[in-house]
Amino acid sequence: MRPGTDALIDRALAEDAGLGDLTSEAIFAPDHSSRGQIVAKQELVICGLAVATRVFQRVDPGISVKANLADGAAARKGQVVLQLAGPTVALLTAERTALNFLQRLSGIATLSRQFAAAAARAGTGVRIADTRKTTPGWRALEKYAVRCGGCANHRLSLGEHVLIKDNHIAAAGSLGAAVRLARHAAPHTARIEVEVTTLQQVRESLIAGAEVILLDNMTPARIARAVQLIDARALVEVSGEVRLDNLADYALPGVDVISVGALTHSAPAVDLSMRLTPARGQR
Amino acid sequence: MRPGTDALIDRALAEDAGLGDLTSEAIFAPDHSSRGQIVAKQELVICGLAVATRVFQRVDPGISVKANLADGAAARKGQVVLQLAGPTVALLTAERTALNFLQRLSGIATLSRQFAAAAARAGTGVRIADTRKTTPGWRALEKYAVRCGGCANHRLSLGEHVLIKDNHIAAAGSLGAAVRLARHAAPHTARIEVEVTTLQQVRESLIAGAEVILLDNMTPARIARAVQLIDARALVEVSGEVRLDNLADYALPGVDVISVGALTHSAPAVDLSMRLTPARGQR
Amino acid sequence: MRPGTDALIDRALAEDAGLGDLTSEAIFAPDHSSRGQIVAKQELVICGLAVATRVFQRVDPGISVKANLADGAAARKGQVVLQLAGPTVALLTAERTALNFLQRLSGIATLSRQFAAAAARAGTGVRIADTRKTTPGWRALEKYAVRCGGCANHRLSLGEHVLIKDNHIAAAGSLGAAVRLARHAAPHTARIEVEVTTLQQVRESLIAGAEVILLDNMTPARIARAVQLIDARALVEVSGEVRLDNLADYALPGVDVISVGALTHSAPAVDLSMRLTPARGQR
Amino acid sequence: MRPGTDALIDRALAEDAGLGDLTSEAIFAPDHSSRGQIVAKQELVICGLAVATRVFQRVDPGISVKANLADGAAARKGQVVLQLAGPTVALLTAERTALNFLQRLSGIATLSRQFAAAAARAGTGVRIADTRKTTPGWRALEKYAVRCGGCANHRLSLGEHVLIKDNHIAAAGSLGAAVRLARHAAPHTARIEVEVTTLQQVRESLIAGAEVILLDNMTPARIARAVQLIDARALVEVSGEVRLDNLADYALPGVDVISVGALTHSAPAVDLSMRLTPARGQR
Amino acid sequence: MRPGTDALIDRALAEDAGLGDLTSEAIFAPDHSSRGQIVAKQELVICGLAVATRVFQRVDPGISVKANLADGAAARKGQVVLQLAGPTVALLTAERTALNFLQRLSGIATLSRQFAAAAARAGTGVRIADTRKTTPGWRALEKYAVRCGGCANHRLSLGEHVLIKDNHIAAAGSLGAAVRLARHAAPHTARIEVEVTTLQQVRESLIAGAEVILLDNMTPARIARAVQLIDARALVEVSGEVRLDNLADYALPGVDVISVGALTHSAPAVDLSMRLTPARGQR
Amino acid sequence: MRPGTDALIDRALAEDAGLGDLTSEAIFAPDHSSRGQIVAKQELVICGLAVATRVFQRVDPGISVKANLADGAAARKGQVVLQLAGPTVALLTAERTALNFLQRLSGIATLSRQFAAAAARAGTGVRIADTRKTTPGWRALEKYAVRCGGCANHRLSLGEHVLIKDNHIAAAGSLGAAVRLARHAAPHTARIEVEVTTLQQVRESLIAGAEVILLDNMTPARIARAVQLIDARALVEVSGEVRLDNLADYALPGVDVISVGALTHSAPAVDLSMRLTPARGQR
């Protein structure tokens, strides 16, 4: 689990269970214990098992947790992904928070797996990358889920990589000047990327020594022209309204990366639930 | 803005901009200033303007912000929802985080508006409610967005309201015993709700004095029977796979509430972007 | 222990022991170990054992803790409530913070037990409830202590239940309008409560469909009239200067709830202390 | 306001108003504004005005706040201590949290004032000091309230001053050895204090060079003997069951300090409330 | 100021002034105000002015602050870098914390300026980079100070850039396999760097397509050989015991980057102090 | 480990490894495990072992850690100070953060040991004390390291001890008045210290009853005169530009304490590194 996740888990538990679980505390004896199973209610790619484990153990370190799968594995409908045992009130107190983490992260991993498969079908070696359009507070988790689904990460924050856009070019005076300024400021371990919308900008990017050229909102035909121009002198990234159903149109030979904001900002949750059975000898 | 949101904003800014905005700092002079406009790129219900405002002002209190709309208002494609002015580097540093908040909250408000409209078309007075299937860390924000979209909130946490489920009934020995225990423990300001799956349980709930009966995963025909049985002696809530396209089937006369997890867990983000123009007299 | 308590424990430890325990570190060898006993110095109702346990283990996970009682149990003067063993410096570093939690929570539980007993003596079935007049930062803990003492919780926060007061009525235009607005906004799991000071308002509340009527600062005679008027059509809550010595005057037949701010805001601390003895073979 | 108080304020607001103020948001228009007055409902010593101010402004920086008094001033019953103006929903959202801070801190200041007056009546120059028996999370605030009430602070944490107790003496082998070890470890700006229960220990403390001798749970007669023995060679502190009604018995000539845990752990809350009136031109 | 700095500032203020400034509060009237000047007591490169400003304003938003210089500017001995005015107690409460930030960040900037100057004297265009050997909790601040001093940042965290070391090579089976695995996992905006200690590894790195080759702890003669081999097909970084006095030996033509841990982990603090004068009309 | 350190550890891990360890995760299988050794690369005084241990276990509680030394012990070049075993990715993720804590704290302890030795050579019984010139956020840790190195702590914060300086004297009207005000406000466990720059002030301090007199920036000759004047009626502290190479000049008979800011603000880091070897049976 990424360092820094604990703070989000604590916030999540406080908002759902900061006042306890009124119903369960009213009904279960404090020493009532149960076994629980987190079950996939649909076919999905699981992600977030360490986070869910931690949720249960933050509520009660005495809950034992055993994962049947590893993050990134496919689960069939009905498959048990996590096995739990411990005090019943604690299991029920943690249940929804744990599921809320799992359903979102697995939702992203599942959608990413679909995009990765579509890219593989294209057969051009293109990689699908995420964007910075993540849920605030969830950057590290969502970028991790994308990787579990088989896609790639684009830059993880504003702070380590360069992406030069229109405003930067205007302020620098020219695309070349912007690249020079960014090259000077960037760690030597970072490549310089420029976002372009015209073929003229593609040419200027090559002259300026850009290492990645992002073709933004271009038609496939235009992209093909740009790829020709670039001629492997820079990596080619494509972004715009790329969806599962039109990905093949954009995955042209020579396109290295297609970035898709929807991987993180619009992945629907997948369906998981917890089954609870009293421990042996309890009602 | 709900108390407690600042911590999430700070976490979000740290993860995207904790190391600054490498590109913008390399290119813009510290005293370069701009005007910005947050624009709806599609028809949507706006939500999160106070949060977005706060994001910009956490990065630089010197950024001025003016909202053109109030949360819950509909925005047309192309409409400017927020006007900004301030140091360019600060505007660009905050941009993505502010948009990430807006696109998610407005996405939920927009979907909620569609459900509210569908409920209104049904003409039975049914209200659409959310669930606790929210993004961990975002409970208060997402419940607020649901309200901005015109839907209602179900209980906000485990701590203040009672919802009795199968496991509780089994542990208590009977549905009636579970209601009694919960009634004893609950604040007198809370109603007691029981989740049922059979008509027999409906009858037991009425005898036990449940004030809300949740019909879980029943067919419309079964729901109709339950409504007859209940005969207005308790509020009737329906949950299960209710979607925009089948809502009319479930919004039967006598159904008071339909709860829909997708409002918060699967609302797609809406599209917004920031336009930047240098302040007068700057390049 | 409620999720969210850790942050308060850490704050408490930092303020008392963030710089260590100067005296104990100067005198005890790091490997000196002891056994400790937390002892009730007066008759009391114990509350906070899980919190105290956590305090010791945050200072040193190697401290073993065993509770002799459960929260809510009565302890005699001289009774040992918690048994400890571990490094002496850690035990002394945690001692005061653990006791400060216990003395306050047990103080509230002890006072609540006295109120609950007085209510039982009244024989009308009235329940004694707390208020939102809690120590800032301690809401969940103090509400829990009230329950351990045998009293009930009123609403736990501003966010989930409705309590309509004078200002609301004035702004809405009428008591009835206020109830309608609140009913529309509230979760369907919440009852609507109205605070009234006159019999005329009692009548309006009944017409408006209020489910709980709070008679604020009325004399017993006035309360009796109101109970007659209400005639079981709403729950009756009484608040005002109710104390242990006049509770019987207010616990009239038909009064369902008496709310008492002093349970949380003015409960005197009870007296507990820690006895320390060197582990076998140490001085 | 002490650095570090913001975190407690935020925690307090989150627990009461993290989900908003359901009732007020349902009834007041967002642009409805009011004036508010915080009023003393009894004679009291006010404390916490800066904290209360901050509470209102954390909820909405647009609330204007004006204090009529300074912390430590006496307020008459009915006196307005704080004047407020701003959005009505924000005022009501912050009201209870602000009052909860004020009622507790003013309660401590009011009780401290009574002890300070009793000490003054004794006419021996004795100072009344608090202890470390404070509400966890509130150390700095409560120690400040004690000072506002006219009493003195004892050591503020375990980390900067030495207080040698029985266990330390036993572990060191002798009282003298304990003082030597502590003297070596303590900052040279700290005095060494020893807690004693016998006159023999008083003698040993003097020989060891203790600068403060704490006579724990001694009778007044015993204290008088100890004072004679000490003969101004060390400061004399007295602790034990000292109350307002028996303080004169302990405030013997030569006793420099009496420490009283009740100042912070058992001060009853004082009564304050907020009066709200719509701003001109509003209902 | 980088988002995320506030938390460190608050921690710093709490640890120094969480209990207030005992001396100043005892002596200055609450309404006593002063002017202050932060003065360089030696020649230095200033860094941290926004942080210092924020420290003062966290203690009291009523303190006005005016910077005479910008971060990265050289200050002469005796030069005033920051001008302050406000309540005296607040100025003194914040003084040491503000100076502690300034003395450390300016110390790093000052040392970095010396390294940058030495690199410039070498005349080969080499850039001096920092490392991840920063003070825990200070990564963003110290990396910023290095930039203010005129040096460059190496990767800012483990998460966005690749640096392959011995252990990675062993685990992957070969240097080439390690590069392939890393290339697959890394964002396409990141260059792949390999740390090598032999010329054979240099050759393997080139074959594997490494974009940056880090020559670790090689002699200048060895470095010259490596540069020849690499022949501009990869960036050349040098690390090891490079100091100001031997930098010229390592800054050989063809060496692109020299990384120096001492920039952040061993920069001595520079000397700054605050001068305080009572505001007009005060003593 | 001091309570409160966890927050700094978490901040440190988040800044270095919040996005994981890109390189190690790309190359090592999740179940690959290793043994690690933290090795002193130079002669040093070790400090921070509990903190480093905690760093590793925050990343993965499954890492086992065994310290070969205790804080404050001297380590030879090449000596193993900490032995580790656990998942390889976790070991590498935590490595740099753990080392960054150790190198700084051990650097302070090592320098403190040198000062303590120099003081011992002076043979006058003088103690070397630190100051409040610590790294913001690190106060408790650095003060602890100074103690591990054999030096003493000066006051730990502004809140518990008095140090009267020029501004205080001017505001109070006279040195004597300042002492009286401070004496009244200070806990009775605190000594009053006055900073003086002239012999006249020394005389006034004695008359005022100051318990510690700080001779600031005086020459050794002047210090000798002051010591004569003071004649053991107060503790004598010396501060100014005292370094290892001139300490003997200042350690005059009668000087009790010499305070040295450099102990914490300018101690160079010491050199430690982690050696990693695959666990038996792994590559």
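As written, the chains take the letters A, B, C, D, E and F, and residue 1 is the first residue of each chain.
Definition applied: contacts are C-beta pairs under 8 Å (C-beta built on N, C-alpha and C of every residue); 3 or more make two chains touch, one makes a residue touch a chain.
Fair warning: this is a prediction, and the values are worked out from it, not measured in the lab.
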Residue-number overlap at the chain B/chain C interface, same or different (half cut): same
Pair from C-F, D-F or B-C with over half of its contact pairs in common with A-F: C-F
Distance from chain D to chain A - Cα centre to Cα centre, in angstrom: 50
Whole-Å gap between the CA centroids of chain E and chain F: 21
Rounded Å distance, chain A centre to chain E centre (Cα mean): 31
Mean-CA-position distance for chain D and chain B (Å): 42
Residues of chain E whose C-beta touches two or more other chains: 7, 14-15, 17-20, 93, 139-140, 156-157, 159-163, 185, 190
Sites on chain A touched by chain C in the complex: 10, 13-14, 17-20, 30, 58-59, 93
Interface residues, chain E side, partner chain A - complex: 127, 129, 140, 147, 152-157, 159-163, 185, 187-191, 193, 212, 235, 237, 256-257
Residue ranges of chain D touching chain E (in the complex, touch as defined): 2-4, 6-7, 70, 139-140, 143-144, 156-157
Complex interface listing, chain A residues touching chain B: 7-9, 11-12, 15-28, 32, 34, 88, 92-93, 96-97, 99-101, 103-104, 107, 132-140, 157-165, 167-168, 170-173, 178, 181-182, 184-186, 190, 261-262, 265-266, 268-269, 276, 278, 283
